[in-house]
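Which chain is which? They are A, B, C, D and E, in the order written, and residues in each are numbered from 1.
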Amino acid sequence: MTGLTVFALTGAALVGLGFYGLLAARHLLRRVVAFNLIGSGLFLFFGAAGARGVGPDPVPQALIITGIVVALSATALAVGLVVVHARAAGHAVLPEEPEEPEEPKDEGAT
Amino acid sequence: MADLATIALTAAGLFFFVAGTVGLIRFPDTFTRLHALTKADNLGLGFIALGIALQAETWAQVARLGLIWALALLAAGAMAQLVARTALEREDAE
Amino acid sequence: MNALVAVLALPLLGALAAVALPPRAGVRAALLATALTVAATIWLLLAVARRGVQGVILGGWEPPLGIGLAADGLGAAFIAMSAAVMGGVALAARQMMAPDVVGARAAFGFWPLMLLLWAALNAVFVSRDLFNLYVGLELLSLAAVALVAIGGKEAALAAAMRYMIFALAGSLLYLAGVVLAYAAHGTLDIGLLAARDAAPSDGLALALMTAGLLAKTAIFPFHVWLPPAHAGAPAPASALLSGLVPKASFLIILRLWFEAMPDRAGFAALMLLAGLGAGAVIWGSLQAMAQARLKMIVAYSTVAQLGYLLLVFPIAGGDGAAQPWAAGAWTGAMFQVLSHALAKAAMFLSAGLYLAAVGSDRLGDLRGLARTMPMTAFAFALAAVTLMGLPPSGGFTAKYLMMTAAFAAGQWYWALVMALGGLLAAAYLYRPMAVLFARESLIAPRPVTRAAQAVPLVLAGASILLGVFSAPPFEFMQIGRPDAAEEGL
Amino acid sequence: MTLWLTFVALGVLASLAGALWRVWRGPREADRMMAAQLVGTGGVGLLVVLAPLQDWAALDVALVLALLAALAAVGFVKARSDDGAGDPEEAPPTPEMMRPRQTRHDPRGRHG
Amino acid sequence: MSLALDLALCALILGVALATVAGSGLFRAIVFFIVYGLLVAVGWVRLGAIDVALAEAAIGAGLTGVLLLAAHGRLRRLGTARDASHGAHLLSALAGAALAAALAWAWFVLPLPERPGPELAAAMPRAGVENPVTAVLLNFRAWDTLLESIVLLAALIGLWMLTRERDWSGRLGLPQHSRAGGVLASFGRVLPPVGLLIGVWLVWAGADRHGGAFQGGTVLAAVGLVAAMAGLVRPPRIGARLWHVALMIGPAVFVLAGLAGAILAGEFLTLPPPIAKPAILTIEIALTASIAATLAFLVLGPPEEGRAP
């Protein structure tokens, strides 16, 4: 067992844990957190895979940095959505079945 | 000689870290814990940084260590005040 | 300089200008960028038709180090599809998304988001790099979610939230597959991946990527987010979301199964994909029949119509790729993509015009509108012809090609699903048509200009013309295809 | 030296684990936040120890951590104020705040 | 001994992640997640990926934490911060376990592939920078990075679309205030100059050592946030032209440089080796400005009135 294996398996476990959280959690903020766990677990796995062989491969590192920034962008939008959704709906969970959007009254009113 | 000093200093640093943690776990309420914590971990980080500075290869590294400690001191001091005030204002046990 | 670069850079620059300039100038810049991108698309089509596949090695760095882009016939056809829909939507949005109609907020956000969506679509259509596709997909998803949320109402926000969760989960599953592919092969380039020896982890990588992309394409049973999201957005946004966005993730599935890892595609997996597609066709159609609002009917119809696309996998994928019928089935599915995009955009824009006219899209409130808005009703009817797969529409060409190939491949059951889907489409589209063409009308509609009504008509007409003149696009889409058809239609 | 520094790193990690117990237990939000601050300082310490072991560039990471550790705490203090944008030092002590509570001891011996 | 360190670190990371997902209480989950980001940053140092560690420390442990804490505060004021019980435990647990097991299996069967090593070695002298990670980000795979900077912008526009109509003309985020001369205000005065230096230095050093536009930009965003939260600077309104230009200047310079490369050197995003270094630095400076502004605005959130009526 090498250090890389430790990190790769940790990454795999984090992905599983995060996926469980994404599916099982009902509070939307928790789902956002779980999404971040999956992402960083995946990156750890990738980082460990890229560190195999002679000398670290810079390509995975660059991809991971891109991935971290993309994940932050998605997190920021998702968190904003959680808050405005909670403000409009009065709760921060999604109903099990998607409801039909209410009629957009007077969308075209001038 | 430098190695011996490093060992002694980092040992001291580790001691303060552990002491801070013990305080965090054992002390009975928020404010005593806060007190123990800020003192201990600032000292802990200080000693460790000092010990590592003796191993440094360039002055830039020493300067960076100093900056790290200064930042940690500043942040810990200010935050202890503010977090304590926040805790004072409300009872928020979940 | 190259037409391919132009169709990527122009919408990006337009979006940036729309952010930086004051509101009025921003809209003008966005419209200018739209016109220029449409022109660049025509330039690209001509270049591909004359000189074959148009490639770019970005920065001059060859893969595996750098990223390669290529517009083959398929990619260029998809780019043309987005240009057609985007052009129409931009014209419609000048009125529908004006500040005095939707408020300063939505009027500011729509244009940069539309252009970013366009740039992301074009980037995905031509990228040959799995990770670059991931970044492109994320840009697409964030812009799409934002376009749903632009509606601002509680239901639209809930729909955007649900969409976001599916999109995020889908991206991560896809990314997991990408990570495994790079870790096993040391390259992300689709062409290089196909040339490398198979690794034991490839099956898992392909499964993860496909699962993630299916969630993003809203394939049954991952479709629950789509109808409320597409129905909850403003009509021009719905047209983009329903007509174009799912096609990007579908195209990646196609590239994975037909180009990157064709030899890892087992028959059972191909059948499973088609089974999901058949489920989507039937379930989406049945749900569409149960809806009371026009936009919801049109949105559920998208679920059904996307299902057809997956039927192509067992007919033309795996070992079937070498068979004579494969090209017909494959091209048929592409006709389905193109004609659905045009027809669906026309339908949502028509629905938007009805909303503008009577303030509602409940079927009961739309009675007799064909008398006061004949052009719009005609556009809706033409689009419906395409979705039902009646001749001479593009939808007919699509289903004809796929059904004959299904019979040739001995997989008659998929042909049955297609026929059933056509009947169900006729059933769920009959209700809105009967209402629109009813003799009496209840509400006096607000006037809608002819110019606004012309846009959906042109789009719907294009979806019919795609069937009338189907030979040139058929041949065009064979350009750069690994197993191109020997003969034309 | 390497062995000793690894031992110190392990010791710091162990003390972090102790702090994590306080994050778990709370009971107040302030307790959790303070414990997280200690973990932050500990993480900085850990990176400082790793610097000679592995790569002196670890100091840059430590520097960024030390800088941004404060951001989370500021965020907490802000989010915890009445309107989400205030400062705990702004409001004069309210009668409710002055009310004695069990087992409370203000280390500074004053309330503001 | 070194393995013991990795094992202990990973055990802590896993424990913290477990506490994040499984523990009750939303606030607890968020604090654990902040700690998690910090430990993962240490993990990246152990893996020898300093650039990633910098990004994770700045983003994972820093900005994401503030974002979540602020959201928690907002939800609490809306009365919606109460944790909801988990649903569909068993199925979700099975799915998660299957995914983890599949990835773990994949680790042991992954072949060691031929990597773009020779190509990389041959290309580095022409890349314009010494740090291979920066070379990949800003030269070899510049298209990824360009799209990524656009993703940030798309997220911000999306976030702004969540503004209530009546708040649209207001300043970004909540109207921040603090006690003049108080601890928070003085802290907000002392920290920014130091942070500014560190941020600029990270961008500068990114070319040849470690760091880069994203790490530096994140630190600068954090500095701006501290100053804003301490009430020292007021966030702008949507529509403040100068700030809109700041948001798009990075991607715009990037696209235009790419087009210039296409015209001068043949392919989109080409940086001719003689001018590669100044070109990369120019792009990085513009990108840093855009990233810093975008990230700071993302964390501040859409304009909101202070107290809900």
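Just so we're on the same page, a residue touches a chain if its C-beta (ideal position, glycine included) is under 8 Å from a C-beta of that chain, and two chains touch if they have at least 3 such contacts.
Since the structure is predicted, the reported quantities are computational estimates derived from the model, not experimental observations.
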Shortest path length from chain A to chain B (each step joins two touching chains): 2
Partner chains that chain D and chain E have in common: B
Between C-E and A-E, the pair with more C-beta contacts: A-E
Most distant chain from chain B by Cα centroid: C
Chain closest to the middle, measuring from C-alpha centroids that were averaged per chain: A
Distance between the centres, which are taken as Cα means, of chain D and chain A, whole angstrom: 26
Inter-chain centre distance, chain C versus chain E - centres from mean C-alpha coordinates, in Å: 31
Chain centre separation in whole Å, for chain D relative to chain B (CA means): 9
Distance from chain E to chain B - Cα centre to Cα centre, in angstrom: 27
Junction residues of chain C, two or more chains touched: 65, 131, 135, 138, 142, 145-146, 149, 157, 176, 183
Where chain A touches two or more other chains at once, by residue number: 15, 45, 49, 59, 63, 66, 70, 73-74, 77, 81-82, 84
Residue numbers of chain B (touch at least two other chains): 67, 71, 74-75, 78, 82, 94
Pairs of chains found to touch, sorted by chain label: A-C, A-E, B-D, B-E, C-E, D-E
Chain E partner contacts - residues on chain D that touch it in the complex: 2-3, 6-7, 9-10, 13-14, 16-17, 20, 23-24, 26, 29, 32-33, 35-36, 39-40, 43, 46-47, 50, 54-55, 57-58, 60-61, 63-65, 67-72, 74-80, 83-90
For the chain A and chain E complex, residues of the former touching the latter: 1-21, 23-27, 29-30, 32-34, 36-37, 40-41, 43-45, 47-49, 51-59, 61-66, 68-70, 72-77, 79-84, 86-87, 90-93
Residue ranges of chain D in contact with chain B within the complex: 1, 4-5, 8, 11-12, 14-16, 18-19, 21-22, 26-31, 33-35, 37-38, 41-42, 44-45, 48-49, 51-52, 56, 59-60, 62-63, 66-67, 69-70, 73-74, 76-77, 80-81, 87-89, 91, 94, 97, 101, 103-108, 111-112
Interfacial residue positions of chain E with respect to chain A in the complex: 2-3, 6-7, 10, 13-14, 17-18, 20-21, 26, 29-30, 33, 36-37, 40, 43-44, 46-49, 51-52, 55-56, 59-60, 63-64, 67-68, 71-72, 74-75, 78-81, 83-89, 91-93, 95-101, 103-104, 107, 110, 112, 115-117, 120, 132-133, 135-137, 141, 144-145, 148, 151-152, 154-156, 158-159, 162, 212, 214, 295, 298-299, 301-302
In the complex, chain E residues that touch chain C: 99, 102-103, 105-106, 109-111, 113-116, 119-120, 123, 139-144, 147-148, 150-151, 153-155, 157-158, 160-163, 165, 168, 238, 241, 244-245, 247-248, 251-252, 255, 258-259, 261-263, 265-271
